[in-house]
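The following blocks contain the structures, represented as structure tokens.
You will see two complexes here that share chain A, one where it goes with chain B and one where it goes with chain C.
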Partner chain A sequence: MVEGQIPIQEYQTGNTKHTWNIEKLLSAHKKLSEHSYTKGIVEKGYANRTLYVNLTTGEIKEKNVSEDMKHLFTGGRGFGLKLLWDSIKPTTRWNSEENELIITTGPLCGITQYPGSGKSLCLTVSPSTNIICDSNVGGFFGPYLKFAGFDALEIQGKAKKDVVIVIDGETGTVSIESAPLEETNSHLLSEQLTHIYASEDSDVSRQKVSIVSAGTGAEHSYWGCMNFSFYDIRRKVPRLKQAGRGGLGTVLRDKHVKAIVVKVETIDGVSNHPVDPDTLAMVGTKIHREIRDLDRFQCNMRSVGTAHLAEIMDAYDLLPTENYRFGSFPKAPRIYSPEFYKLFTKIIPDGCWHGCTMACAKTVDGYTVMTGPYKGQKVTVDGPEYETVGCGSNMSLWDPLWILEFNFYCDTYGIDTISAGTAIAYYMEMYEYGILNKERCDGLELCFGNGEAVLELLHRIAKGDTGEFIQTAAKGIRRVKDWLKKKNWGEPYLIEECGMESKGLEYSEYVTKESLAMQGGYGLTLKGPQHDEAWLIFMDMVNNQIPTFQDKAEALHYFPMWRTWFGLNGLCKLPWNDIEPENNAETDEPAKVPEHVQNYVDLFTAVTGVKVDKNELINQSERCYNWQRATNVWLGRGTRKDDWIPYRSMGPVTPLEYGSRMQRYDDQLVEKLGLKKEEVEKMSIEERIKELYRYRQDQYQKLADAVYYRRGWTPNGIPTPQKMKSLGFTDKKMLSMLQKKIDEDEKNGLNKWCGTYRGKEKPPSDIPRYWEKW
Partner chain B sequence: MQETNTVKILRFHPEKCIGCLSCEKACSKVHFKTEEGGENSAIHIIKKNETFEMNVCDQRGLCLDMCPVGALARNKKGIVILDVKRCIGCQACVAFCPINAMRKSSKRIEPFKCISCGACVRACPEGALELVETPIKDIRKVVYHKQGA
Partner chain C sequence: MGITVNDKEYEFVKNETVSDLLQRLQFRFPLIIVRINGEFIPRKSYAETVVPKNATISVIHMISGG
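Up next is the complex of A and B:
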């Protein structure tokens, strides 16, 4: 459909229509607990209280947000970190009673004038990593949670049976209700609940409801994502955005939460009560116009969303193909963005929050499902985004329809496409080597390119299949590695180095072999290998702007801090650098997009009234970033060994990979390792792989040395009490825990640099326990 | 909602205009109960060299496809109307209007626009403005959506 100006009430998607017996569904609900609260107003971006729900005891209470909390933790993910620190223990694991699932907002969350201002930040102790995982997501829930009265929602304990938590901003009540009859899978459940809880039978009312849910796949895997709904008044379906990474949906279902519902009474352009709405409108209009005039020449976000990256990644040898063995592939043009553009619905606004003119949330409407329980139905598929397309190439699925099918079922089952796609790609490679086979895979022919087998795996996971492979596979790469080694089915080197996980979390979809800085961007991270901390491939590999370890360390300080800032405020990162001012390339630091950084400075002040500059934004992030790393230490991780990355992300693991880029690697052996060309020619491929392996592993350790030093940590990656104090923290429990860990490391000889420094090369500091001198 | 194929749009006769801005004052009275004109008026008369130019919405409706909450629609007479109660003040319509005819006043977050009410026509002492019935298909514009430049 490319015809514009269709009146909203006449808009058709061609989807299969459902009619629900709302009364029957609702009559089966039983209120288990209820709490009335005084509706407040949001002031300068803050509701100034958070909501605590305990599913075991039924307790529902409000907690005040102090000025001190706002100063130290800003909001959003920062609030989540603070609330978790106060509630969990060092022994807390994902399914512990006291583990919390937290959804937060942030002071800028919910402004409508600037694109990408409706993000929720979700945190929990992850089943994949056993440390805190944070995940950001669009949809209406976060802004509505705040406008209903709360800066954050904290869910502790576990319900005995499936419940929905209802936050009704219209009446000022929070309730826990049993919900036995509703569907579990998200595309249907969010539709049912939207109709149940909308105050009136109208699209306007339905747009004031948002649902958080996860499907049956989240119940039976560690890949559970949470789906956040945003009702589309044109398509007349609640669409879905995912808090994908780290198994948040798994925790939601483990707590027997079927869904969380939030409803607002009203919403307008100043629901945040900003101190200076004129500046918001002015700065917002400026960037909306940049998008209007420049997007079509830059990223084409408005027409194809992030899917535009497929062709760029393929061109630069960065598109992960066949489990990251290759960075490009002859069949890749079949899944370039123009192929999806043909399928996407056009013209109507596609922001996942009001006013986002970047509008990257594309859909395929009226898609006919090919497999599984919804076979034959016509549905709206949200996406695919680049990452999901990258999963397609990683699994060697070169048909856009199979990628859509994978996308649809992952979403409705509540499975993270990234974790599932990356993991299945690894299983496929193991299948190719005979380490796995049809029998070992419970009858699945999991070879590269087999879309039917991929979907069958998802369906069986969602059904709770008890096959040994299905059960293990659904826990992700780390558990499968251990399983394969235990079974003694293959060479441990292959099993360990080919599987793209770090800290237990699967990689997102970029090949990092030729960018050391990006290897750090994935490995030297808080939650695991996700590109939301830093994306340095072009700076490092293509433009060679950060040649030294010190330069790379500076980038791995600045960018993770900068990108963290979006999460503290409830913002999306995309409008920062997926649209750039026309003159950006002529500025001092184009990679930072200085004009847009200034926009954020202006926005923060315009909402909160707190005068800040660009350095203060970094300070805000640094506090939370270090707090999260310290919490990882507290939970027993967060050290150098936890920042390990598989060699597949550093270089060629197999002769096939080496051979596919032979010239490149041979040249490096000469240019970087100082071998003679004739020497290299005499070496076998295996020997060349080994030489390169040694060199690249050492490079990574040197990078870690430089980065830890720049971040104010010990050589074992521990944030020092001195650093924490300089950031303004006085929490004694935190400071003494860190000191104790550093003392233990000292005893165990871990406070030493791990790179090999020869000749003129020097480690970041010669002074033992350098942090004590700060 | 729309029941007509034509819509009234403003036509300007610069040769008759004396630049008194009575139209702007009348317009701001309609929208904000003030005679300040200027940023509070949907019609702008701009002096250019020896003559005048008018900037005002021509009811092309490109903004209809920009509104995330359905606050913009053509009414029965084909006029593009902003429902202020539904509007969430995002400024998407303001910024994407190719002729900058969707306005933002500092008086409120929600924008405003020409509603072809004729107040300016009646206010003009020189008869420089008139409302002209125009086929919608001749003026209709759709927001840019194609992939690539």
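Up next is the complex of A and C:
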């Protein structure tokens, strides 16, 4: 035990205690289907089989994982993409019978020697975007799924009534059981099921159970997240981490899955049976020491988690405030990390998987709920992480307690904080302009800063309120934009350009107006505007390291590929660059953190026995990245028009925004557009906004040109068959689909660059159908 | 004549240390690398290192976030 911590036996959360009638709950279960399997041993990081469950037919079966599948798709998100490709159709939508919900692991998932090694990757066709959404999540489920015998879980079809899927790694059985009496909301359901399925009435047994669930909010919105539990043996509560983005929880509840339970017989440091455990231990020890010695001088993750970013983003004008209108705010210090530090439980260590010394999963224990069905109860709140704090500033909530309240209810209702927070911030701006009002919002006074209204909206969504606004709002910004325009309640430009969504998914919490590369980091993505592909704001806006379109395109190639790699292997990104070796500054490419990249090379080889170098890690990612883009094309999207972003993410939409940074924008009109200072002074604010709008839209198109070319795609953003073949793909269905789409684009005149090139400026290539020459 | 930080011109301030400069520019991110005229400045020297006139300075913020 570390100095300052207290013994497990002595800690009390102070939470409201519940007594469950477990016998009654269990007696209502009816086994609908069961499958016995031979318990296997994980070898070199792979269980070498996946589990398929069809809820319509009750079929449960095992599928083999071939060497070819491992080579081409590596694992994790790659396996998920392959399984989806084999099971869905181009016409599949989120609620189609054949849509699948997939949870995968990855060959490095479940190692305990290196921090951040317990991630699950979840995939489905998203209700928000109608393309594949992938989302990563901590907690115990992923490692346990693998140690119970499976590299991935594939759920297809729909149950007639609420069921629980139970994967019992102790007995080697998988079953589908009806579960009518349990709670639906995650903080209670996880507790009930952990007690029901633990083999013995002990904390050690409860720790061997992990639950996936989504609450009533996921049933009634497109923002459904999936909660992954990890039983905290010190707090004696199942805590929750979220697979947040893209409506995975909505799909889970649409399939009438109340929960997925996995339990393991045993786990230890070598449950993956790595080929070289000594190297694992050596590399792990090195980074554990690094985190122990340096974190307090760097990001302070062990004390406050990612919440430390609030004060940094505020200082750099990047903290989204009042729906991204501003990047900093005088009240922001009220939600800086020291304010949350006061509330976090500090005396016991945190971490969402064993062996994670970064331990950024902070909690507030004994939090007294202020509103809704659990008002007055004391609960453990996981978080808030930076993104949730950023939602607070975006909605102009400057009280940490309102942010905790929002965090708690989003989690237990199974609602993604990012999508909900970003969307509500947009509704609040529309309310300010009178485009929405109390009557149009079904009685809610949804103005900036009204925490009670925010929570009331969540409660009404979770209850399935049938009000027109509540129903539409719960489907997210894209649907609300269409609704507002149809009602003719406001200027279409304002409605369209203020709403921070792209592809139908809400933005995460960074202001991107002054970083073109980060605009691409959000727009030129596979699933939509989530920062997990690339975070380039400092590199671009502050460091000025990537000044040309080619530089930015290179960054928008390398970093998305590198970050994809974590998702192929069941790893967390944070230990890569939220902690850095002491001498990182003196290396050739400090932004890539070369020593840590080498750690991952060593880890992959130590677990799988496959000898790789840093370039091969990028190749692994590139295969999956292109496969996912190609699948989006197959689903009818994945082209340039789908990479559209709202102008709020590029520049000032309103005179208020322009006026708030007038000097900056006026200077740019002179320096970037070549206008004379006197000319600018004579222009109205609206005219200045228009000039800047034209310029920045063109910049974005030029960026897209450069990025598509660098990624080996057509000017319309289609991965070419030549590129796919060079990556090793021979799937005829995929290759002919892409060729057909490219030929259609040719007929429709879409294989052309869209930037305006003047003078010495040139597009990425002058050669028509350049990809055919490769 | 001033100083250049990340290719942008700033006013020269006599006897300004690296710590002072970072504060002036509100560069408060903890993971940064400072080079003055190409020479790497260790973090522990920020408080004593004075920024010379006409200096070309790079303050590289490492990627973090999310």
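Here is the rule we go by: the second predicted complex is superposed on the first by the 768 of 774 C-alpha atoms of A that agree within 3 Å, B and C clash if a C-alpha of one lies under 4 Å from a C-alpha of the other, contacts with A are read in each partner's own complex, and residues count from 1 in each chain.
Criterion: a residue touches a chain if its C-beta (ideal position, glycine included) is under 8 Å from a C-beta of that chain, and two chains touch if they have at least 3 such contacts.
Model, not experiment: these values are computed from the prediction.
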item: Touching partner for A:F297 - first (chain B), second (chain C), both, neither; value: both
item: Which superposed partner A:W483 touches (first chain B, second chain C, both, neither); value: neither
item: Partner chain(s) touched by A:Q113 [first = chain B, second = chain C, both, neither]; value: first
item: Touched partner set for A:G351, first chain B, second chain C, both or neither; value: first
item: Touched partner set for A:Y431, first chain B, second chain C, both or neither; value: neither
item: First, second, both or neither for A:A585, with chain B first and chain C second; value: second
item: Chain B versus chain C as contact partner of A:Y709, first or second or both or neither; value: neither
item: Common ground on chain A, meaning residues reached by chain C in one complex and by chain B in the other; value: 297, 300
item: List of chain A residues in touch with chain B within their complex; value: 2-5, 7-8, 112-113, 203-204, 207, 233-234, 267-270, 277-278, 281, 284-286, 288-289, 291-292, 296-297, 300, 302-304, 337-338, 341, 346-349, 351, 354-355, 357
item: Contact footprint of chain A on chain B as seen in their complex; value: 1-2, 61-62, 64-70, 73-74, 86-92, 94-96, 104, 106, 109-110, 140, 142-149
item: Chain C contact footprint on chain A (complex, rising order); value: 297-300, 306, 309, 311-312, 315-316, 386-387, 508, 510, 531-532, 535-539, 542-545, 547, 559, 573, 577-578, 580, 584-586, 590-591, 593
item: Sites on chain C touched by chain A in the complex; value: 6-8, 26-31, 33, 40, 43, 58-66
